[in-house]
């Protein structure tokens, strides 16, 4: 179907194309010759910050996770009041993330896929301890182009105890009793330090045991406090409760909308 | 208009790099459909900064018998693109044994202009005639957005005549009417735009193929722009000539 | 069986326009213990017979969950089967990655078909010596997909592959009209009855050698526990074994005549 | 048809599919190929632009530390001698203390630990890689790895990522057939053996105490106290350090992890011993 | 494209469109876009639609660069064909998910698709059963940040209109009729017309309805109310 | 000349002394032995019909379809070894997608057929085995009218007015020649095609067969579609009646 001359022409065009592409690559790669346009392009900010805060508390046989549902643009313009920042990965693992929402979605998908594969390989669901290490590793794989996220992983561990793992953007992992991330982290943590850690509570005051009910009410108070004083937190509390041997419960509670 | 971005590159003497102003065809391109095909018209000025590097450039590049492309932006970029696209179109024509449609050709141009839009500074008008859709004009400004237009202007001079074209176009223009409008539009643009100037080149593309025409300022037929008689510019008490 | 010169490789056609290597691979599938799949309007069930190498070894794993809405069972070379099952799992996961939804079963069937076909055409590979039944439920309803080494991938109302599966298919063909409206429990019983027909008279189904997987509308794929399997087997045991099944079972599975 | 495709976008979908496959399943690879920045952007510049002080508080990497380790010989036969490793537990993201309970002594083997200073995630990740290497080494060679070899591997690995913005300052400390050894390793690829060593933002303060009170022969009690004291003083002078003091004592036979001590309380504990008033009381 | 990016944009979108306004009503979604292609602030091409009918269930509207969307349109068209192969119509949720991945992937190459996409549609819960279909609006920004909403205004409209549209929505909630929803959109466009340089008064309202499917809008024109000009607008 | 046993027929990379490539011929056999498939271009469209063996009633309706869309406008019907045909269909589909991506218009039928033919041809060079399947491509639009191409296992690609492949191709072709196909509209073609398939069937051997049909033409608006089952049934009924009538005449 192709005539002989046709083939020669193809060869010529192919060659031409290859040279053209090569030239284009060089232009793109050679830093000294970069146009202002290209330099600017390198400085383009691939991140945006959608605000909001999340928090997790673990107890003897439970873990609760909460986040607000506000999504903002540049901290001021509210995009939606129903954003989901908590992902229930399976009966024992809950992920909650603040930061750049695109990365949040990506991270969630990565974990979901791994969990999917784990279920096929081992014929059971992954435990939160394993998932915690998995998350840490995967955050670190993006060491040089990090996820712009503060992740918290919570759930019920292999021994039926509540677990909370806290991360920095590149996967520094630590198991804690309670943790928070996002815009209101510096407000929530001191409150919990006082009420749960009791570290800033003066001597002589009652140090009640952390029950599920107490944890839930502390969580509500934390977010109410944050919504009062932090602009990108508000609208609703998305509360997820995991108790050993019970199905995961999800609740939504109203917050300030201003 | 097509040199929207202000290039400010620093000289790097160590490697012998001294930024130069790119040679670009700050241009006026006009294209318009009439009832049997299309008419395109361009000026002929190529400039580097304020220096005119060529005063009689031909900005209408024939691609096939029934298709031309009008180029604006960086001269080097547009020439390279036109050459490569022509290669592709020629080979397709040969291997498929029938002419490539104007639409598909415009898509071939889009491939380059869109995919390399960060590196290139080029915008073109693809104008032609084929069996399927008759006369067609596809405008591809910087960025690689292709749209079929009935009447369009591109290049730095386009800003000055867009209104004129809007007021002149109507359905079913005859060839002569269409040529007159296009010629006049180029004339008007060169009159006001410093980056456009020189001669007016027209091309008519229809079933019969492409016919090219040249209108020189020193020969009859060159568009004439009537301006109002001016008033005196110095204060009236000063002796001066109109 | 004699060797002919056209059966050395998948890349050779016989003068009759057949691919012997591929046909031999189908025989490998017929050696594996049987598995049965049937579907109703709302549910799809796969049951499989697991062999144990000897008394000390555990039974094979023949049924895999590949996603919440689909599972597979395998007959033939189990290691080949596992590779294919894993492939399907990645397909499911990949689709979820892109669309956040469960993959249409038809997509799985198509991917499977192309993967199997490639192994029947290109030098240096061999066809997979395994047949797979995919049970799934998606927007289009319940599905049973049967695949075999020759890359035939077919959507079925019910089917069986593996050793002596002809007896099971006979049972299914006799009862196919009842499947459409069956409850999940009835469906399982049908499948088990068909599976039982593949057994020689002296053997029977028990909780250890039987796997049951079920998926349907609003119920994710689940592989039943031994205790649940036992419940269904009890129901089956009330049905007397047909002589027809036993007669068919007498014919050895892998010895269907081969034409040259 | 062309052999050469039209454009680079042609591969877009292919690349996306490949990236997807890598993310769906854990990458099975011996050496880590991390997700790279496009357009030849340098990680260091990128981090400076997007993850520096100007970024949101929680989006900064955790860092900051005082760690120390030293080798001593037993002063009496009742003592064991060996290595004392002591660290603080603060991790800060900029000005915010993001954690006050970080365990900065990471196990590498039965009798080997690495300390972490610098980027917390960097240390955690790479010490795991070293630990994995050491375990495999032991399985392969049927003998435990020497501290020297482990630290060399650590240093080499880090050297491979030199200039890309990793931040690791670690001491690999342990007991092997040559006795107690401490190697300091950092993200520039530097590695050196020391008897007394401190790394981190509070290291100068720690050195001050160590150099003053260190003796080659000490009782176990003295040695442990020295470690605690040095950390305690460092936390008081360096705002990047604080929390509790974790201490690990590696003896010729075992690795003893001591319970964490709150540095705030340590201050009072040591006050008497130092013969110093804690509070200035002009009345007395 | 949001207003903030407008300032710091580096990749030079050239032929652009501005706000998209979409609102969910009882049985579907209405989407409004104007019909002008801006080149900087010049209204370069008129009568260009910014709504793309994907299939009977999905309509996509976009703001931002037209060339980028044309590239996307092609990607989407091929996705639709891919799904057809498996006898499926791609639903808005699946398409939203796919485009999120795509835009995120492009962002990771620091080569973003310069569009804010609004995926409007009705999600079929069961095949051939329109009763159970639910309206859907999904938004994706150029960096791959995606979320689902009941009402949205993008571009400069995000600052101008979001609250206005939300208020209307809250008043009537789920029971908003199509006519009411369209009235809200028209009112909103009027607002952008008063405050957005590159907004045009020629527009179209497309809709996706559970029973009717996608209905593309006809070109309409709005004049607005200029009575304010009669009052004294002099500075004192 | 006989091929078997000469050793010249074991690979597609081998010529026999008289210049034939037997492997390609054997692959053609796979098509020749498969169910009959007829494609006819009429006045205002193209119809393709296949005789499909349904070996068990456990198969779902229209399991293993032989006809597919390459894109909205072009249909493909594969004959011969089913998996091979499926792979061909997949390739054609991929090519059409590439074209759509590059030129943002549906790939014209001629280009699809050429491209598939090229692909098939590469497989006859001996690197792997030739495809044991052929493919009809069909389309219709106002400008060009109906178009019908057949790509064979050898890589040959011709445009046809009508053609038949498979078991009873000769008889079928003879039947087609009796018709004035240029004058028939699609609805008539459907009936005639069904009749031809039934006529050429070998009543002793061809049991459990089913007719599958696809069409593209003016009434489908240039879109290739599977013929609705009620139309197929009606055509079959018409054909049976017609056959009975003919029998009576005889």
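We call the chains A, B, C, D, E and F, going by the order they appear; numbering starts again at 1 in every chain.
Convention: contacts are C-beta pairs under 8 Å (C-beta built on N, C-alpha and C of every residue); 3 or more make two chains touch, one makes a residue touch a chain.
Small disclaimer: the values here were computed from a predicted structure and weren't measured.
Participant: Give the label of the chain whose average Cα location is farthest from that of chain C.
Facilitator: Most distant chain from chain C: B.
Participant: Which chain lies the greatest distance away from chain F when centres are computed from Cα atoms alone?
Facilitator: Between chain F and every other chain, the largest centroid distance is to D.
Participant: Select, from all pairs of chains, the pair with the highest number of C-beta pairs in contact.
Facilitator: Chain pair with the maximum contact count: A-D.
Participant: Just curious, how far off is chain D from chain A if you go by their C-alpha centres, in Å?
Facilitator: 26
Participant: Just how far, in Å, is the C-alpha centre of chain E from the one of chain A?
Facilitator: Once rounded, the distance between the two centres reads 28 Å.
Participant: Roughly how far is chain C from chain F, going centre to centre by Cα mean, in whole Å?
Facilitator: That gives a centre separation of 31 Å.
Participant: From the C-alpha centre of chain E to that of chain F, how far is it in Å?
Facilitator: Measuring from centre to centre gives 45 Å for this pair.
Participant: On chain B, where are the residues touching two or more other chains?
Facilitator: 5, 111, 116, 118, in rising order.
Participant: Could you pull out the residues of chain A that touch at least 2 other chains?
Facilitator: 1, 10, 13, 17, 28, 37, 41-43, 45-47, 109, 113, 116-117, 145
Participant: Enumerate the residues of chain F that touch no fewer than two other chains.
Facilitator: 102, 104 - these are the residues of chain F that touch more than one other chain.
Participant: Please output the residues of chain A touching chain B within their complex, sorted ascending.
Facilitator: It comes out as residues 1-3, 5-6, 9-10, 12-13, 16-17, 20, 24, 27-28, 32-38, 41.
Participant: Quick check on the complex: what are the chain E residues that touch chain D?
Facilitator: Where chain E meets chain D, its residues are 71, 101-102, 105-106, 108-111.
Participant: Using the touch definition up top, name the residues of chain B that touch chain E in the complex.
Facilitator: Going by the criterion above, the answer is residues 1, 4-5, 114, 117-118, 139, 141-147, 149, 152, 159, 162.
Participant: Using the touch definition from the top, list the residues of chain E that touch chain B in their complex.
Facilitator: Residues 11-15, 37, 39-40, 42, 44-45, 48, 65-67, 70-71.
Participant: Over in the complex, which chain E residues touch chain C? Could you list them?
Facilitator: Residue positions touching the partner: 85-88, 90-91, 93-95, 97-98, 101, 124, 126-127.
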